[in-house]
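Worksheet for the structure shown next.
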Amino acid sequence: MDYFLELFFGGLTRGSIYALIALGYTMVYGIIELINFAHGEIYMIGAFTALIVAGVCSLLGLNLISILILAIIISMFYSAAYGYTVEKIAYKPLRNAPRLSPLISAIGMSIFLQNYVLLAQTSDFVPFPSLIPEFEFMEPVAHIMGSSELVIIVVTAIAMVILSLFIKFTKIGKAMRATAQDRKMALLCGVNVDRVISVTFIIGSALAALGGVLIASHIGQINFYIGFIAGIKAFTAAVLGGIGSIPGAVLGGLVLGWTESFATGYVSSDYEDVFAFCLLVIILIFRPAGILGRTNTQKV
Amino acid sequence: MAEAILEVRELCKDFGGLRALDHVDLEIYPEQIVALIGPNGAGKTTFFNCVTGIYEPTEGDIFVLDRKGKKRRINGYKPNKVTELGLARTFQNIRLFPNMTVLENVMIGRHTRTKSWIFGALFRDRRTKEEEKETIEVSYEILKKMRLEKFVNELASNLPYGAQRRLEIARALASEPSLLLLDEPAAGMNPQETKELEGLIEQIRDQEKIAILLIEHDMKLVMNISDVVYVMEYGRLLAKGTPQEIKEDERVIKAYLGEDHDA
Amino acid sequence: MRKIIKSLQVSFWFMFLTFPIMVIRVDTIEKTVQWRWLNLLYVGLASFFLSFIWRFLIKKKEEGSKKEESGEQTITIVQKIISTPKYNRPIYSFIFLFMLAFPWIVSTYQTNIMISALIYVMLGLGLNIVVGIAGLLDLGYVAFYAVGAYAYALLNYHYHLGFWTVLPIGGLLAAIFGILLGIPVLRLRGDYLAIVTLGFGEIIRLILENWNEFSFGPSGIANIPRPGFFGMKLGVEEATIYIYYLMILMTIITIFVVNRLQNSRLGRAWLALREDEVACEAMGIDRMKTKLAAFALGATWAGFAGVIFAAKTTFINPASFTFLESAIILSIVVLGGMGSIVGVILAAFLMILLPEYLRAFSEYRMLLFGAAMVLVMVFRPQGLIPSVRRKYVYELKER
């Protein structure tokens, strides 16, 4: 039972991170129908920024909690700036181009950013300081769920709530929903679509950075390549849940997290990634629009 | 009278809880022009989509006379199967292949009438060559009939609107259908173009000896060329008859002009 | 003056943006921080000047697109030369002769690079059938390449089958894989198809990496024999030249086949499928069957290329079949211009040869590669040489 719970919470932690990254994919896809391949790299840059902030701060002798908070804030801010810039350079000039062009541009951007970090920082795995403190009250259940796992789950939950409130009630949130439904119509109704797209990238990137800081601190090491596999998994999560749907991204992330956790725990750890993709293929075959996605019949 | 080319019995189609088609009956005989009219949202296009296999009907039967003269029930057939049996259609919102040339668009229409596959494409045996030559010739002939020959090598998307509508008809004709289904062929045309279209439709019926079912809002066109008119409202069949009968039908007048109108 | 201010703003933005990653390097083990202020200066200067060029090019592009809207389909000189036999024959013959003479002019090393480039031409043309002509976005194309390569390596290891026996088997196996994958996934819409094929590519790679008894895991398979020449064993140098000519032959066959497919009933059906699936079905085209044909045929070429790749390198391991490979092949197709044979060939040479000859900047190679992909898409989204629709000449043959 303990083992089951351990896997359960492990899956929940993983799933939360996937969900955080998946939100960026799903929001961007909802609005401009682009698989933003560079999104995984934004997450990786978030993790690196946090590493740098943590390094500088610990030299200044700050305590753990304030380092964690500073690292989260600064890396979210920087990732958002990167997301914004990437959109302006690689996607905005391609608004009316053939469908595949932005995708290739995104793949190029992803390769570029990976190598940028590789050259400016390092190609090796870098140990990442554990920024999340060990809580005393977690001691009795430590074999099931670590402190950092608790923090990840709680922080993710809070971020989700804030995001859904933001999208539901703010003006720009409404504009985002309108743009996702029909970009042309939103434009005609006076929505500044360019701004909506920018905001979408900024929010998505900030969330990815949040995920990056949390998971890096949990796992304890990063390198320039972590964005790729995390990005693909998160995209898988977004598709699983039904791309374009925000609750879908969260659900997809959790389903994926649990699948991986239980499959590696009970079956074999060699095929961790295979399970994720098999799950994806199976779900898409039986529910082609994802778990929460709507199948919209094409109007003829 | 000869057997009906298309015979629809008690056709129903539900979308969720909404009944878009409610026990619709319809039949078409060879070389007839039949019009389907009714207010927007009456279910005309849904009817087309059910007959051509894009939707699967909820209830009822659709029978088609295949090319050998055998009557077949085609409920749930895929669109391409339906076309193979001899039904070809156009779309309300033009659906050409915009980045292919006009001729190529029509050549696609010949797909069901030709056979070559991977082997033929790679080795270009004699049969494939002949088939290809015939495809080009037949397609060109059809373009000429539809007065589109001057556009042959133009991209379909560069054509003027009226010509695009005609090209859709040409593409459908290329499959040598026994029944041609036209979904609002005159939509967006000016009176002059509509008049020309009228002549064209009659010419198709006379030359190709095929039946035509059309959805249309232009009453003048409908009344001028139809042999039989069906009127639909709220997914049900309201009336059926010759253009003259329909013009005088009180229920139809009510449906079109509202309840208060005293005829 | 306003331009300068704008460029200054851009350069400040980038200096700010790249500040943490470019300037600070933290050593978490030694607990030291390294500050590299000079980098900031470089970034600032570079972005200042690049922003001028960027704006200039964007402006030019906008002017160009305006022209296109007003006029008809603009056909560039290059496209015209390619489509008129009078001009293209001499050019093609020259290229052909040059390619024939190539291995005798340069070193074995250069020839090897050229073989790689030709393999990518084949892969690009194969994927072009799937993505460029039929419009099915396949991000896992490399899986079929792997199938071909492992088919040769394993069949040779276990049953000592020779290159020429395995070449058709490899193609066939890849085609079967294509069909097996295609049946469940081809119902999916564009982007879902993309991600499922990506997943499939990764699954194949992960299986190869982990299933040691079958594929020898990450360490791969070594000592794969090069193709024999009528039973003779060739030295490294001769074998390279031999494979080179083999590759030239295969490339010509590929071009021939793709060209024929493109101008056939099947090829037209693919194009139509790319344009409008609903209209396609209404015109009597069997969507599944047509898509499967595209998938299987595309996969076949990857299978062939895989067998040749294994024979050329004599060593394969799963690391050769990552997603990056798929991305590169896809970039070749899109960069060249979807559906355009000449474009794809040109793009394959650019993508493979440029990085090779840019070894001087070896560290920056992939960086530049990524940047180039973005730039080409931004300034030439239709590809280097967009395909021109074929014009049929038969007209006015009165009956």
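So that you can tell them apart, the chains are marked A, B and C in the order they are listed, and the count of residues begins at 1 in each.
Here is the rule we use: a residue touches a chain if its C-beta (ideal position, glycine included) is under 8 Å from a C-beta of that chain, and two chains touch if they have at least 3 such contacts.
Remember, it's a predicted structure, so these values are computed and weren't measured experimentally.
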Most remote chain w.r.t. Subunit C, using mean C-alpha positions, is B
Chain pair with the most C-beta contacts
A-C
In whole angstrom, how far does the Cα centroid of subunit A sit from the Cα centroid of subunit B?
49
Here the gap between subunit A and subunit C, centre to centre from mean Cα coordinates and rounded to Å, is 29
Between subunit B and subunit C, what's the gap in Å when you average each chain's C-alpha atoms?
42
Touching two or more other chains - residues of subunit A:
300
Of all residues in subunit B, the ones touching two or more other chains
54, 91, 95
Subunit C, residues touching no fewer than two other chains
278
Can you name the residues of subunit B that touch subunit C in the complex?
52-54, 78-80, 83-84, 88-89, 91, 95-101, 103-104, 107-109, 111-112, 114, 116-118, 120-122, 124, 128, 131-133, 135-137, 140-141, 152-153, 155, 158, 171-172, 175
Could you list, by residue number, the parts of subunit A that touch subunit C in their complex?
29, 33, 35, 45, 48-49, 51-56, 58-59, 74, 78, 81-82, 85, 89-90, 93-94, 97-105, 107-117, 119-122, 126-129, 228, 232, 235-236, 239, 243, 270-271, 273-274, 276-278, 280-281, 284-285, 288, 298, 300
In the complex, subunit C residues that touch subunit B
72-73, 257, 260-261, 264-269, 271-272, 275-276, 278-287, 293, 297, 389-392, 394-395, 397, 399
Please give the residue numbers of subunit C that touch subunit A in the complex, ascending.
13-14, 16-18, 20-22, 24-29, 31, 33, 39, 58, 61, 131, 137, 184-185, 187-192, 194-196, 198-200, 202-203, 206-207, 210, 278, 323-324, 327, 330-331, 334-335, 338, 363-364, 366-367, 369-374, 377-378, 381-382
